[in-house]
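Each structure below appears as structure tokens.
Heads up, the next two complexes both have chain A, just with different partners, chain B and then chain C.
The block that comes next holds the complex of A and B.
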């Protein structure tokens, strides 16, 4: 288990929060929406391998082949 | 390895911060140049209405008296006016339109205003010219107000955005 991934995701979350506030203040609501979406996609790209591994493990434990 | 990462990361943050500052500064530069242009046009008005100089001389006086950041365009207009014997004043004005759009961060409506000044310049008597100058200066005030509003809204946003985007790229790459 790689603990640095959690810190990375947390820092991305903080940055996205700040970006959202700034863009909202500057009356650019549509951009803040897009920025949030891009952030979610990036984080998903980071964790998607871990999630697939989790499902593999579940299948191995309960012997659901 | 760590030193390499440190250098690369600082380069990324530096460049994106610079990009943000560049985009943010365009707004304040437009505002500043509009104020300087207003001063130049006011000088031109005095030269023409009260000084009654011929147009090339008046333009040269504007170049000397105004702030050189903006008033150099009047010198260019003068040179074009003296060397090009076929075209009228408006043609001389329109030759610099493209250049000032890039150099002074003007928008199309600012340039259109300057061109409309060139259209009326030297085509009627002094009283009429005075009225024209008044209209142009009024419109310039409106444009300045709009530029100020835009600057207040966008400048800080672009600067913050540059820094934060740099940090975001760094975190994703790390």
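The block that comes next holds the complex of A and C.
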């Protein structure tokens, strides 16, 4: 398990924050919302595999079936 | 020194979460804290496995009934999963959802513990004249 995922997600978040501000300033509110949505979906795709792995591990260790 | 690693990851991700919250990215702050929890758990999972295996060996050597031991293990596992989910919801300010997750966990634990409670009642009835 590598820690770089934390940095990846945080940097995506900061980048999206900056993009959001720029798009808001350029009067493109609808695009800023779409950008946020896409970012959340991408990051959630990264996180969801790890969550499923965690649950699999717990199920294996504590004999939950 | 794994403990240094764990504490370091915690501090760094706390700083990142605060940074993200400052720039109004609450969803990413939540994801970062979730990932941090996952990574820390992944660091200690081998040790948890070792502890559980040791306890299982002890229980087997003491001729304890194994179903009781596996029930306790299951309850611990459910408690951990429930705590994980509830903490995430509570972090995001959704206290209601967190309470419901905990309720679900408690009910399932109660169902798992029922055979033990019944066995205990049987024992008490046997002891009573």
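By our rule, the second predicted complex is superposed on the first by the 65 of 65 C-alpha atoms of A that agree within 3 Å, B and C clash if a C-alpha of one lies under 4 Å from a C-alpha of the other, contacts with A are read in each partner's own complex, and residues count from 1 in each chain.
Throughout what follows, a contact is a pair of C-beta atoms (placed from the backbone, for glycine too) under 8 Å apart; a residue touches a chain by one contact, two chains touch by 3 or more.
No experiment lies behind these values; they were computed from the predicted model shown.
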Request  = Mind working out whether A:42 is in touch with chain B, chain C, both or neither, as first, second, both or neither?
outcome  = first
Key: When both partners are placed on the shared chain, which of chain B and chain C touches more of chain A   = C
Query = Between chain B (first) and chain C (second), which does A:5 come into contact with in this model arrangement: first, second, both, or neither?
reply = second
Inquiry  = Which partner chains sit in contact with A:51 here, chain B, chain C, both or neither? Use first/second/both/neither.
reply    = second
Key: Which superposed partner A:27 touches (first chain B, second chain C, both, neither)   = first
Key: Which of chain B and chain C A:19 touches, first, second, both or neither   = first
Remark   = Shared chain A footprint, chain B vs chain C, residue numbers 12
Key: Residues of chain A defined as touching chain C within the complex   = 1, 3, 5-7, 9-10, 12-14, 16-17, 36, 39-40, 43-44, 47, 50-51, 54-55, 57-59, 61-64
Ask   = How about chain A: which of its residues touch chain B in the complex?
value = 8, 11-12, 15, 18-19, 22-23, 25-28, 42
Inquiry  = Going by the contact rule set out above, which residues of chain C touch chain A in the complex?
reply    = 9, 12-13, 16, 19-20, 23-25, 27-29, 31-32, 34-36, 38-39, 41-43, 45, 48-49, 52, 70, 73-74, 76-78, 80-81, 84
Ask   = Which bits of chain B are touching chain A when the two form their complex?
value = 153-154, 156-157, 160-161, 164, 167-168, 171-172, 174
